[in-house]
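Order as written gives the chain letters A, B, C and D; numbering starts at 1 within each chain.
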Amino acid sequence: MNKEIRKIALLTGGGDCPGLNAVIRAVTRTAILKHGYEVIGYKFGYRGLYNNDYIPMTTKTVSGILHKGGTILYSSNKDNLFDYQVEENGKMVKKDVSDVAVENLKREGVDVLVIMGGDGTLTSARDFARKGVNVIGIPKTIDNDLAATDLTFGFQSAVNVVTEALDRLHTTAESHHRVMILEVMGRNAGWIALHSGLAGSADVILIPEIPYDLDRVVNKIKQRSNSGKQFSIIVVAEGAKPKGGEVVVNKVVKDSPDPIRLGGIGNKLAADLEKRISDHEIRCTVLGHLQRGGNTSAFDRVLSTRYGVAAVDLIHNRDFGKMVALQGNKIVSVSLEDVIGTTKTVDPNGELVRVAQSIGVSFGD
Amino acid sequence: MNKEIRKIALLTGGGDCPGLNAVIRAVTRTAILKHGYEVIGYKFGYRGLYNNDYIPMTTKTVSGILHKGGTILYSSNKDNLFDYQVEENGKMVKKDVSDVAVENLKREGVDVLVIMGGDGTLTSARDFARKGVNVIGIPKTIDNDLAATDLTFGFQSAVNVVTEALDRLHTTAESHHRVMILEVMGRNAGWIALHSGLAGSADVILIPEIPYDLDRVVNKIKQRSNSGKQFSIIVVAEGAKPKGGEVVVNKVVKDSPDPIRLGGIGNKLAADLEKRISDHEIRCTVLGHLQRGGNTSAFDRVLSTRYGVAAVDLIHNRDFGKMVALQGNKIVSVSLEDVIGTTKTVDPNGELVRVAQSIGVSFGD
Amino acid sequence: MNKEIRKIALLTGGGDCPGLNAVIRAVTRTAILKHGYEVIGYKFGYRGLYNNDYIPMTTKTVSGILHKGGTILYSSNKDNLFDYQVEENGKMVKKDVSDVAVENLKREGVDVLVIMGGDGTLTSARDFARKGVNVIGIPKTIDNDLAATDLTFGFQSAVNVVTEALDRLHTTAESHHRVMILEVMGRNAGWIALHSGLAGSADVILIPEIPYDLDRVVNKIKQRSNSGKQFSIIVVAEGAKPKGGEVVVNKVVKDSPDPIRLGGIGNKLAADLEKRISDHEIRCTVLGHLQRGGNTSAFDRVLSTRYGVAAVDLIHNRDFGKMVALQGNKIVSVSLEDVIGTTKTVDPNGELVRVAQSIGVSFGD
Amino acid sequence: MNKEIRKIALLTGGGDCPGLNAVIRAVTRTAILKHGYEVIGYKFGYRGLYNNDYIPMTTKTVSGILHKGGTILYSSNKDNLFDYQVEENGKMVKKDVSDVAVENLKREGVDVLVIMGGDGTLTSARDFARKGVNVIGIPKTIDNDLAATDLTFGFQSAVNVVTEALDRLHTTAESHHRVMILEVMGRNAGWIALHSGLAGSADVILIPEIPYDLDRVVNKIKQRSNSGKQFSIIVVAEGAKPKGGEVVVNKVVKDSPDPIRLGGIGNKLAADLEKRISDHEIRCTVLGHLQRGGNTSAFDRVLSTRYGVAAVDLIHNRDFGKMVALQGNKIVSVSLEDVIGTTKTVDPNGELVRVAQSIGVSFGD
């Protein structure tokens, strides 16, 4: 019954994130070199599991990928096998096809499924666990907003990219006496804006957790002007919103005669500030996909490797239904049942916000 | 009459550009250390000249600025003293205030004015030369589209930034089987798109000089799909346009109820491709101000230093009304009268385009 | 008696370290903006305190320094005022001049002295505390080997530099089928080698805490050869040593006829391996000072800012004789009396070493 | 007789150099996509040609390598088939085995051999041309010292690495009031030292072409001290030498009891300066292999691609025995017979040296 583990499978779901390849490498190497497991990798997340589309994983497959962003297993953003779009009688319908996945795992002799993903992907992981699949979860969110883990890989890499962008904007802001706005990722949580704002010397940091008052932002800019600083840098998370206002969706309107793009919060803020500030030009940059790509930072390579090895430790100990996590400096494991659906947001009264306020950063509140 | 040169003044006009500080440093150091000139720097370009707002320049002023983007003298984008907005009898009117500038130079005892700028700024430089001011021009355009010089500083720094962005987009494009579009600077000339497209392994490069056919772009993407490459990278200059189409202006509509942003060519292309390509997601990133900022590349630091030293050589030789330029490997000087108003665009039949085509890059033509 | 705090002084001691300027900025801004303290900065560490050589610190003084390595207050490596070299009657003698320092502080009206430094510098801090000076310590060691704090700033910046160097060496190693050795900092502790070795995909990591057996290193290289990997990357901490061997001092013999350099452990290892490995060339690079310089990483800018703000919090609470520290994710304070003289080394049986071993890294043991 | 070209072979010889992979990619893609040639790649340079050890090259083989340093074809440093070490009757002897190579080419049906390498490698290329082999040369030297071409790929990448190192050393030099020496590549020519010294704000640049006078170097440091600059940065090419002195060989003495390293010119200079300068510490860093590795710069990726395409153009035009070269902005071809054995050194009276002197750089002369 407690049969020996011989074969494990990996899959990556959701948006790509620096560190995924480092996890894939660590899991694969540890599984093969330390325990002699066979390893396969499903392609495109759950879609590959459904289609039984996989590749065998060897130490050669994972050679030279440690530093690379993205995922060599590919990923897809939306596929949920418990509510999956399939064609039936010529029509597209949504249905639960998770049994197909379970069948595939059985037929291939996969003993454990290692799933890297964010809240949505891990919800399915939990649901597969409930169906009796041996599952190990590895938390992946560039936004760092997963509960139960202090840090997720990819986050620090994104903070590096944003900080470098802020460093760049400084030279132009200063040369032209401008207010430069940088819109960054963070729909529900302002971690990226907060960390990179601190690291990149932002004057104003706007995050979802602290609705802002436009007057306060204007005051901060004017106060800087009065003290001789003729430029200001604002970093704004995409989910930030004015007090009493709504989140502004940043999207392309495809069916309009002209291709237009409804500006997100960054552009809204620029438009709002232009009406209030006359002696500085206002400019907004939306960083977008550049935050996800490129090489994984040294920090995230180490963290990802730790996660990967810990995941195999759990497998070896037959401790399934768990997600690896970082708490303080320690790698621990938590039950998937406990972590789903909880978001970790910035505490408006927490240390980091207080640190920023202490050195003079305004949150527009 | 041929009085000895004792004092020179610097000013920087137009958009900021990596390398300006390196030029300022080279001019200042050479002027002081080699010839014993006194040096001052007008702030905010021509506006500072009009307001007689300047700072004395010493070797200390220019210490530690070689690598920094931006300009320590600040810049402004639009000020033309030959058609300048001033208040008169309570109304804003446009008038020629260039005599005020000439007066300021005389009163301060400035023998030569060194002007760093693009076509607009250098047009004024020529006009001041016609009024008898001893002027030296230094070409500045990040777009590299100034005639009479093979290369302008800042261009290679911008190409580095764009290439790094393309490197980043590759990992996401590949992981998600996407078509990623990167919109870059280049209103009239596609130099940045062409060089960075070559360096960043773009599959399609769209530039103003070669109007594109959407069908050809679609074909290139499908042809890659068919040969197993499930992603494509497109770099598009902001001035690129479809055959028979217009340039799409990328701007914010400030007075709309929602703050909206009329998408530029990148977003238009994304919208157009989405209607034609079903098996890949399409994403567009607009790089914007990030291309101008940050540290100056090693290449541009050397080029800027060469320009700065050459400008002082011209001063020492009393060879005024000239602009320094790079032709082949040589620093030369050309008459300001000859260079104004001419733009250097990419030759659609030139070597670089042919090189790109040889390795399989499509220009959509 | 419990007189109000009005003036604080800063000093930086020991080797320079990325993050010092970020701490200086955070302390200065928080002290001035939040509490209205006056701030001065002694130059060159304790030497400046002895000579009463200081500068007033304002928000302007600390503007634009957040990202810069080094210290705007300068530092010196060896000055201990409790055993200080002074001239007396024409001879250089060592004596305790700490009373001069205390006098200077009193005369200048300095209420609290904030000292950034490593174990040596903080030992003096404690000794000044014992003399009744209000002292706050901020831990500084690029090696991350200070007890009582989980992380010191500068460490992650150094790991980034080393990791980038390892990335570079890979391409050459692979192209030429070489064994490349990189000698990095870490006289007593292997933290930098361990973290960067993990992040930079080293095959062998040699650290002071785990004396190595040359045979094992040779075996690892041969085993890689046999499995088709014709190159190996070794990262070695300067304090690493063979089993039963001594630490090899990396120093220049200045009085020799030729200027010669006694190779450190990296060169020794290269020489030793050359006698044992015939089918690969062996090359050693000593990274040296490049590990300390350059820009501070985003991570360290945040950590340093947190330390700086926390230090001022301690001042405000009159909680003197303490050092700020990071434990888990929390900034805490510990007594200077408790932390001096204790070193935090890598646990040979700890998680990180085990993680590295799990993915196949050899420690030569 | 003038038979159609159907198959070409590539090989890379000498030290690895950023840009080799970009050339390999451009040649392979152009040959296949534009002309339908078959392409093979010999491994390890001439050694692979002798052993007939090659791989077929497809567009897939060269996918994803544009930015990577090193060479996917591997390289070896010393193999000369006209004077090759072979075993004969149990002894190692040197003999001309070039006929074996010619036979291999014939047997494989290779019509043209494309050889990337420096002076040594290209000398053999010429010798094979003399034997009737259709040969095209592509100049490769990171030192940029090949005659007949204005620029070689890899050079600008190396200058970037050195410049970044100089930027790093500045922060430490300034914080500790040190003289920092950086020894860089350049045995016969000082191009890397000169360009990176200019870009990295060196105070002293020592190159092989301008023997230095130690007194002058000391004076420069003292003069800076007197003017308030308490640190100096010296960049020294490995082939630099004092007036009347010899080049100092930087090598490891392997047979000594202790592993010792005869310091190169950087360490010698440090030792010499320590005897003359008492108020600054002197430190030397030898950059070594870090200059060759890592990612290829955007500039070199473009230049390499141009070379690669031009090489295939020559093949298509049956214009053999030539080397591609850059003259001014133009890619041209020159006869291999004309270029062998000539070195391009820095002109001590040329523009760049004069530029450096104008801004106050000392060459120690």
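One rule holds for everything that comes next: contacts are C-beta pairs under 8 Å (C-beta built on N, C-alpha and C of every residue); 3 or more make two chains touch, one makes a residue touch a chain.
Each chain and its UniProt protein: A, B, C, D = ATP-dependent 6-phosphofructokinase.
The structure presented is a predicted model; accordingly, all values stated were derived computationally and were not measured.
In terms of the stated touch criterion, subunit C and subunit D have no partners in common. Distance between Cα centroids is largest for the pairing of subunit C with B.
Taking each chain's centre as the average of its CA atoms, subunit A and subunit D sit 42 Å apart.
Once the centre of each chain is set as its mean CA position, subunit A and subunit C turn out to be 32 Å apart. The geometric centre of subunit A is 35 Å away from that of subunit B, both derived from CA atoms. Residues of subunit A found to touch two or more other chains are 167.
Annotation, chain-chain contacts: A-B, A-C, B-D, C-D (touch as defined at the top).
Listing the residues of subunit A that touch subunit B in their complex gives 15-16, 18, 20, 68-71, 74-77, 161, 164-165, 167-172, 174-177, 180, 248, 252, 254, 258-263, 267-268, 270-272, 274-275, 283-286, 288-290, 292-294.
Here subunit D touches subunit B in the complex through residues 25-26, 29-30, 33-34, 59, 63, 66-67, 150, 156, 159-160, 163-164, 167, 195-196, 198-201, 227-229, 297-299, 301-302, 305-306, 308-309, 312, 327-331, 351-352, 354-355, 358-360, going by the rule given at the top.
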